[in-house]
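Provided herewith is a single structure, encoded as structure tokens, for subsequent inquiry.
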Amino acid sequence: MNESQQERLRSLRRDLHSYPEPAWREFYTTSRIVDELERIGVDQLHLGRDVVDADARMAVPDDDELDAWRTKAREAGAREDVLEAANGGFTGALAVVEQGEGPTVALRVDIDALPIREADSAAHAPAAAGFRSGNEGYMHACGHDAHATIGLGVLEAVKESDFRGTFKVVFQPAEEVIGGGKAVAESGHLDDVDHLLAIHVGLDHPTGEIVAGVGGFLAVRQFEATFSGETAHAGGHPAQGRDAVQALATAVQNLHAIRRHGEGATRVNAGVVEGGTATNIVPGEATLEGEVRGETTPLKEYMSGRADTVMSSAAEIHDCEVAIETTAEAPSAVSDDTLADVVYKMADTVPGVTSRLRTDDLGGSEDATYLMDRVQNHGGTATFVGIGTDHPGGHHTPTFDVDEDSLAIGVDVVTGAVRRLSE
Amino acid sequence: MNESQQERLRSLRRDLHSYPEPAWREFYTTSRIVDELERIGVDQLHLGRDVVDADARMAVPDDDELDAWRTKAREAGAREDVLEAANGGFTGALAVVEQGEGPTVALRVDIDALPIREADSAAHAPAAAGFRSGNEGYMHACGHDAHATIGLGVLEAVKESDFRGTFKVVFQPAEEVIGGGKAVAESGHLDDVDHLLAIHVGLDHPTGEIVAGVGGFLAVRQFEATFSGETAHAGGHPAQGRDAVQALATAVQNLHAIRRHGEGATRVNAGVVEGGTATNIVPGEATLEGEVRGETTPLKEYMSGRADTVMSSAAEIHDCEVAIETTAEAPSAVSDDTLADVVYKMADTVPGVTSRLRTDDLGGSEDATYLMDRVQNHGGTATFVGIGTDHPGGHHTPTFDVDEDSLAIGVDVVTGAVRRLSE
Amino acid sequence: MNESQQERLRSLRRDLHSYPEPAWREFYTTSRIVDELERIGVDQLHLGRDVVDADARMAVPDDDELDAWRTKAREAGAREDVLEAANGGFTGALAVVEQGEGPTVALRVDIDALPIREADSAAHAPAAAGFRSGNEGYMHACGHDAHATIGLGVLEAVKESDFRGTFKVVFQPAEEVIGGGKAVAESGHLDDVDHLLAIHVGLDHPTGEIVAGVGGFLAVRQFEATFSGETAHAGGHPAQGRDAVQALATAVQNLHAIRRHGEGATRVNAGVVEGGTATNIVPGEATLEGEVRGETTPLKEYMSGRADTVMSSAAEIHDCEVAIETTAEAPSAVSDDTLADVVYKMADTVPGVTSRLRTDDLGGSEDATYLMDRVQNHGGTATFVGIGTDHPGGHHTPTFDVDEDSLAIGVDVVTGAVRRLSE
Amino acid sequence: MNESQQERLRSLRRDLHSYPEPAWREFYTTSRIVDELERIGVDQLHLGRDVVDADARMAVPDDDELDAWRTKAREAGAREDVLEAANGGFTGALAVVEQGEGPTVALRVDIDALPIREADSAAHAPAAAGFRSGNEGYMHACGHDAHATIGLGVLEAVKESDFRGTFKVVFQPAEEVIGGGKAVAESGHLDDVDHLLAIHVGLDHPTGEIVAGVGGFLAVRQFEATFSGETAHAGGHPAQGRDAVQALATAVQNLHAIRRHGEGATRVNAGVVEGGTATNIVPGEATLEGEVRGETTPLKEYMSGRADTVMSSAAEIHDCEVAIETTAEAPSAVSDDTLADVVYKMADTVPGVTSRLRTDDLGGSEDATYLMDRVQNHGGTATFVGIGTDHPGGHHTPTFDVDEDSLAIGVDVVTGAVRRLSE
């Protein structure tokens, strides 16, 4: 990759970084991506409701919230045609280039940001170099700005290469809330894909290191439980109350006490609790936002089923009701060895790659698993590729940043693998 | 009361004290009572199934246990006719004297002992004087030996007095397990009673003090809950188990957490727990013996209903089942002011009475409340009379003893009240 | 009381009602009271830091909050001299009239409002008659507007009467947060008081009914506990977190499980809980606002000591810390029979009084108990008088209102009692 | 191996099977082993206190229990010299043959039985063939009878072979209670060992299958916690009690709620609970027998440290004390690849071996890990070898049995490996 191409990647990434947008609100980001796609020239461009199965979207904010970000994006210069298509939170894009006979290969990148306030110290490169978040309180703290950039870089490179076949790039919204993967998977766009690559930068791997087939995805279910009882004066009529906070407390204790499983790792977390209105009132309502995970999808199902029982019975103990809503969900997935091998071998030939790992554990969750599952269930193969990048702060922290040298490496590795797949 | 009468009371009490028998196993005790009743001469003598409603008995031991005590009583010299009538644990007796026109008055005394090993030190009078328990591990540690003695003393004194009317004395079995009161009440024997007196010695009142109308009976329900799950190897297959001890622990925590009630005192106790078989096995079964109480019967019902919900939902949380059995139960009750007044005034005229209390709280439970309730519901009045006695050790402790001087006081106060009621 | 006097009471009450101010923020209210006191003419007028022991104040809001209300009061026409004296939340007033030799009698009324939005339907008299709360979100929903009015009415009537002695009226701030009573008590102003009367309207007693000596005050302690642990990613590093929500849940469960007490009623409530930041983050902080109560002050102390142990040990279980702050506290108290008798007898002579109760239970908490305790500990007597008033909605609800006819009855009963005490 | 050798193995195994002895009570078993060792002829024979570090023994029964089994063994014909050496529960033996220059190789077998009643149906081979347990209630339900037999068979075969070096066989007592491994390890007998083999039959592997290097040992700690509070009458003085069952319940709930660990599997079990004496008594004492495990020793330490904190703080919550005793403990361990490879290759040459696994997970705990650790820490290598055997019932069930054909296979595989190590 020549210097001007690298400069273009860097510049694009900085533009996206300076305008972080959270899940389902990536209006400006999508607009910017479409600008690039038009510059590159693609054979098909899917936007809005054409990218996803609308009913399968999860964790979509309410209309007021969506509209506020859409209006802001308009003011920031987002294209009216994109805003129109994305109305209702239908952000994201899917581009296709068709280059004759050959396999159908897809690349999935995600594009959303996090509700984190970015560091503003001089030690934080984006602050020092002037491309720190302009949307105060939001930040590209997990590198999805780099992902979108690499996705565009690969698309351009593949288009200009000798690749024979069909190449699709999915710019997926709402990964951070595990909300978009399922909706993209169920759109059917990937059902004809022979090989799917998904990528992630960083993950504690330094610039120059490539992980050919990441594993260890924890299947996850996130939920919100609302316990409802009845208020009463705690001094005068304590037994007239039905105490939603007692129900909550019993649920929290017993969620963590769900028995470990002999077949693999499980997780449970009661992440956010809130309840009651006054010291002297028996609390009539309480909410719990929590999650369960499993090393495999069945292990997640085990935890999920047990959690439902725990919460509903804990409510019963205290004569309360509970409404449980699943807010996000993702299966586990496995990178295919054969496809990971292609990446592994390819990586060795890429300038800048100094270290290769055949595999490594993610130890977290990712809704790319929905896409991987979908492709594999339709007879294709999939792998999740780690692109090392030096990152000063950890993922999801205010000082996270990417080493922009890794952008070109990422583009080259993925492009190389895509080309190899058509040979 | 003359000296020889007092000596007879003392001697009888010591005989009963030396042969303590627990609930539903008072075979020798009943036989000894019948001996006295025959000596005194009564108009009606009810034994065995004639004393109780057989179906209303609670906490009856199994046949082997009953037979063992019955055999032992036979060896100790119990009468064959009484043993025959009492077969199957139908202990206790009801004696009636009919002395012409007048009110029907009843006295209830209880006769069973406790599973406590009696003190054997020289400082403990029964040990020093040679009438310590001969049934090792069992003891009259709550004065029911004195109660039976006073009951017989009153019967004899009333018979020889100018009392006009009908006088019934109930020698009730199984008070300590709250098992006999309901069965006697439901026998119907008390349905025609105009005035019921029940008595208790001690209760922290010294010899010479009389409490005319004890109150503060806590309604009570005792239960046994058996949690059933499924065992599994705790190392290899922890999630294959359904953990009965976790269910038990959740139940215990939440039983105590039943909200206090604005209308009065409540109690809860998880008294005995047991579960599991081995350190490395997920426990498949666990039992809980507990109780709830209330200052009134509705408050006990509140606790009882909540306790059932807590235990069944706690079982559900851990995918277990629970079977809950009520082992004993008694309502609350209130001593009638008018009847207590008779006792209060009468007591003032009795030699040896040095202090009178109009009322005092029991602060515990008693199944005499079933009888009091029954009489009151049929239009009669009832009171529970405290007969003070110096007791070195507390009730239900190995050094409990009664001051035998209080026997005559008790007989005189109750006899006086009974006579007064026919005036 | 003549019609114009009654009209004045009504008018004053409506003015106060239309400008409700919450605890320690009664700037306008105090100003308005001072207006009246100057009109009446008093011998001593204590304001600001002279009314309370500054260190004994509890639950005082922060300076910003105080300043905002003070500024608002200024705009509403509050007197500059009062605003000056009350700076820093030193609201309330204490007036003294000295009428020669005789006993020192005191009356305590409270003056603060509640954070409740007042009903605005036509069925709600203050809305219909145009004196509904002008401070949206705040409301005199417990009748303290009537209390202040009655206090001024009594002061004027006593001053014009044949009362010999010293009469003090305390206009106490911050009763609703149990924050002001202790500070007034510790000011020492009441140490020479022979007889203290405190009043409350309503309490489910209709207009015309007087309760001479309210009892059943529950001693109370309110607290805020902050549990601190350490956040971690719930998927990747669950054991690196120290979970403040687990600590909270264990605390809630075990607070309710504090054993009932044999000597009287106790209460516990975990009223408000909040904790954690995200579904997938181990919660690092959680807060609990709760309270314990007891039928007597020692019972409250029992609950309080156990609660501290429960919370600190619950924190330890989950490797967290907890900081517990007492936000409000009040002892129990007993109305003196002799003083209540004076009120009881007096009430019989007052026009409009149609029913008298010797005593009744409050079943809640009140920080008048601090003042009653203080007076009693210095050799005086105290009683808490209930002034019945028809109230359509319950206390602390949006439709609460007082029957203004009860204002004159209250003034007459209390004035009569005060005069009787100097005879 | 010829037929008469095989017959000798079978006969020996049946003798041991018919006389099962539990941990530290293997008096007859040891005597029988010594008979065989004398027949074979060994260069060193260590017995009694020479086999173990006496202070490192865990879970030793009390003297009465030990003496009863010793007396029984004498009556069954155990040798007096062995009984003398084993007095005090010092069962087990260590035999050494010295055959010149060469490596020091060791084999560890365990010899104790379980407190399980053996099946007596005709379908259960030991019952049908007349060698069912003669010690009713105890059973060789985990194949240690086969282990001891194979140990003797290997010793004899090695002695007669061309093996050059020193060969030690440890007949370890008390594996089932994880009580003997540490004591043998700390005896120092294995400190000069170059290669240690430990074996186990079955483990769901059929006859003919060999696992060269078993892994997945869970490090374990078993403990007994005694919670002590204070009894009180649950009706009259509930708050005077300090409730050990509440402490226990809080501990059980929170033990299971110890957070999962990101670095590997953990386990926790509250296996046996017991507490309280009567329904109406606040329980003053309660016990908990439980365990924690970890995939690695540090993970076990994490669980162990958290468990101690949970139990001591749970006691504090309820104003109780707790005494925690570690009753058994074992580290995790890893089979060395190089040594497992020797077994794996060797197995291929043994008649009857039809399937070989390089490794498999135990998924449980074993105190052979102490010996493996010890050898590895002194520079040697160790592997845990699985010898497949068809077993009709699962391990630790009444119908467990071994296929005696696997005895010869086990002897041949281990002997072959030992010989190979001296080449």
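Things worth noting here:
Order of writing sets the labels: A, B, C and D. Residues in every chain begin at 1.
By definition in this document, a residue touches a chain if its C-beta (ideal position, glycine included) is under 8 Å from a C-beta of that chain, and two chains touch if they have at least 3 such contacts.
Protein names from UniProt, one per chain: A, B, C, D = N-acyl-L-amino acid amidohydrolase.
These figures come from a predicted structure and were not determined experimentally.
Set against one another, B-D and A-B show the most C-beta pairs in contact at B-D.
In this assembly, the chain whose C-alpha centre lies farthest from subunit C is D. Centre-to-centre separation between subunit B and subunit C, using Cα means, comes to 48 Å.
The geometric centre of subunit B is 52 Å away from that of subunit D, both derived from CA atoms. Remark: subunit A and subunit B have CA centroids separated by 69 Å (rounded to whole angstrom). Contact of a single residue of subunit D with at least two other chains is seen at positions 236-238, 243, 246, 250, 253-254, 256-257, 259-260, 262, 267, 282, 363. Of all residues in subunit B, those touching subunit C in their complex are 253-254, 256-260, 262, 264-268, 363.
Those residues of subunit A that touch subunit B in the shared complex are 236-241, 243, 246, 250, 253-254, 257, 259-263, 282, 302, 306, 309-310, 312-314, 316-319.
Those residues of subunit D that touch subunit B in the complex are listed here as 218, 220, 222, 233-238, 243, 245-246, 248-250, 252-253, 256, 267, 269-283, 286, 289-291, 293, 327, 363-365, 396.
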